[in-house]
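Here it is: the structure, laid out below.
All chains are identified by letter, namely A, B and C, in their written order; residue positions are counted from 1 within each chain.
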């Protein structure tokens, strides 16, 4: 039972990170029907920037949770800036092009960003300073769920609530939903669609960066390649939940997190990634629209 | 309608639901040999959905679609894939033109020959005499169709570079290449200027006069419909509200009511 | 004048933005292991100057693109001289003859090292032409193509290791197994649309690598399989130089075979169906083409070449392990197809030579290779989506094509 709970919370933690990244995929897909292949790289850049900030701070003698928060904020700012620039350079000129074009552009951007970080920094894994202390009140349950996990869960939860409020309650959120439903109509009623698309990239990137910082401080190391696998898995989560659907992305992330955690715990950890993709293939065959997605009829 | 003519297509009480919306509601329709039948009705009446059901793009909720090829067994089309329906002898065009833009005009028509030819992968690699002869035959018959619709001079142009009216005619040629006995045209005159419409009218009459295929068309241009069709079906809100010869339809109060507020050229 | 000022202002802003953007990654290098920070301020200057210049270039290129699009929209067709030249058959035959001659004397003129490089370029030519069937002609994005290459390589390595089977027997077996895996992969994803397809094929590619890394009893795990036989030459043992030359000629033969077959396929009933499916799937099915069969054949025939050339790869290196079959390989092959021109056989060949030989001969820049690939993919999509060699128009001979000109 204890082992089960440990796997359960491990899966929950992992799943909530997938959910954070998956949200970026789903929001972008919802608006411009593009798999933003470089999204995983934005997550990696977020983690790397946080590492640099935290690393510089610890070397100059600062430490503690406040540094983590500072690193997180700067990481979010930078990831958003990268997401914004990415859209402007690689996707905006391709609006209205055949569907394969922006997708290939996205793959190119993903390769570019990976190698940019590799060349500008290093190919080695860099240790991320330990900034989350062990909370005393967590001691009795520490063998099931540790302090870093708690921090991740709480942060993710708060972020999701803020995102929901943004989308449901604000003017901008309404404009985003309108654009998602019908871009041309939204443009006709005076919504600046280009701005909304940029904003979607900014928000998605910010969420990915939060995920990146949390993972980096949890796992304790960062490298230029971490974005690729995380990106693919988060995309799987988004498809699982039904791409384009925000609650779907969260649900998909959690399902994937649990599936991986239990499969690795009870069956075999070497084949963890095989389970992920196996799940993806099965879902796509049985229910191509995902768990919460709506089947769309193509217009003829 | 004349009793001695062979009935080609028989649609019985066809119904199509999308979730809670009933797009086509119990529509019955028949097309006879040599017919030019027209399906008209205001926008959103369910005409294109009706076409999509017949051609296998949608699977209808209820009703029967029966095909009576001359000299062959009757076939029920419900649930068949679109390519099977085309193989049975029904071909269509699309309301919003769907050509293969990066293929030449001739190649577009050659695609239509696909289901009437049969050389496979290995024979294509070996490229023996049989295959080469078949290829040449595809080319010749496609070219003849282009001559028929008046596009022969564009044969080697990319289809995306054709003027609008020519693209519509190319779609018709491509559909005819599949050797159908019933040709379904979805708003063939949409977006055409008066001259192009007149040319189209002549083309449709010519195809019909050759007697190889009957025609069922959706059209908004009342003048065209009244000029060429011999039977008309009217749909509104998914339901069939009238059918008959052009003269009967013109004076039908229900039809006039359905079109009230809309401009009718008739 | 105001225009110039406006442009200047824009470029300055771009420059400032990129300085801000690249600051943490380009300037600060922190090594958390040894607790040192290096500040590389000179990089800042380079970024500033570079982005300033590039922003001018970017705007110029975008403007040119706009003009071109406008001309195309108005029905004016732009056909460059190269295109017209390439559509001229007699020129094509002459050019092919010269290239073939050059290819045949190459290993006699240059040393073993050069031949080895050329062999790997030729391997990528075959891979590119194979993927060109799936992606370029049929329009099915496949990001796990390297798995089929791996299937071929492993099938030869294992057949050779366990049953002592030779190269020539394994060659068709490798191709056939590639085909088989292509169909196996094709089946479950027949119904998926383009973007989903991309991600699932990517997944398949990764599954292949993970399985090969972990299924020790089959694949010997990450340590791989060594001592694979080189192709036999009538039972004679060849020294390294001669065997390289031998493999080179095998490779030339394979490339010619590939070109011949893919050209014939492209210009056949099947090839046209692939292209039509790429252009518009709904119209294609409405013309009576069986989409499922067409898709499967595109996967199978694309995978065939990868499987076959995989056998050759294993026999050339005599050692394989899962590390040779990463996503990056798939990405390189994909960029060959994209840069060369999707669907264009000549383009893909040029693309392969360009992308494989350039980094080989410019060693100084080889670490920037993937960076350049990525950037090139983006830039090509924006400024030249049709690739180096764009879709050549296929013309046909028909009766009475002459008479018509007078009447029409």
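Keep in mind that, in the parts below, contacts are C-beta pairs under 8 Å (C-beta built on N, C-alpha and C of every residue); 3 or more make two chains touch, one makes a residue touch a chain.
These numbers come from a predicted model, not from an experiment.
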item: Furthest chain, CA centroid comparison against subunit A; value: B
item: Chain ID, smallest distance between chain and overall C-alpha centroids; value: C
item: Euclidean distance of C-alpha centroids - subunit B vs subunit C, Å; value: 41
item: Subunit A and subunit B: spacing of chain centres that average the CA atoms, whole Å; value: 48
item: Where subunit A and subunit C are represented by their mean Cα positions, the distance between them in whole Å; value: 30
item: Junction residues of subunit B - those touching two or more other chains; value: 57, 94
item: Contacts with 2+ other chains: residues of subunit C; value: 282
item: Residue list for subunit A, restricted to those that touch at least two other chains; value: 300
item: Subunit A residues touching subunit C - in the complex, by the definition given at the top; value: 29, 33-35, 45, 48-49, 51-53, 55-56, 58-59, 74, 78, 81-82, 85, 89-90, 93-94, 97-105, 107-117, 119-122, 124, 126-129, 228, 232, 235-236, 239, 270-271, 273-274, 276-278, 280-281, 284-285, 288, 298, 300
item: Of all residues in subunit C, those that touch subunit A in their complex; value: 17, 20-22, 24-26, 28-33, 35-37, 43, 62, 65, 139, 141, 143, 188-189, 191-192, 194-196, 198-200, 202-204, 206-207, 210-211, 213-214, 282, 327-328, 331, 334-335, 338, 367-368, 370-371, 373-378, 381-382, 385
item: Subunit B-facing residues of subunit C, complex; value: 75, 77, 261, 264-265, 268-273, 275-276, 279-280, 282-291, 297, 301, 391, 393-401, 404-405, 408
item: Contact set on subunit B toward subunit C in their complex; value: 55, 57, 81-83, 86-87, 91-92, 94, 98-104, 106-107, 110-112, 114-115, 117, 119-121, 124-125, 127, 131, 134-135, 138-140, 143, 147, 152-153, 155-158, 161, 163, 174-175, 178
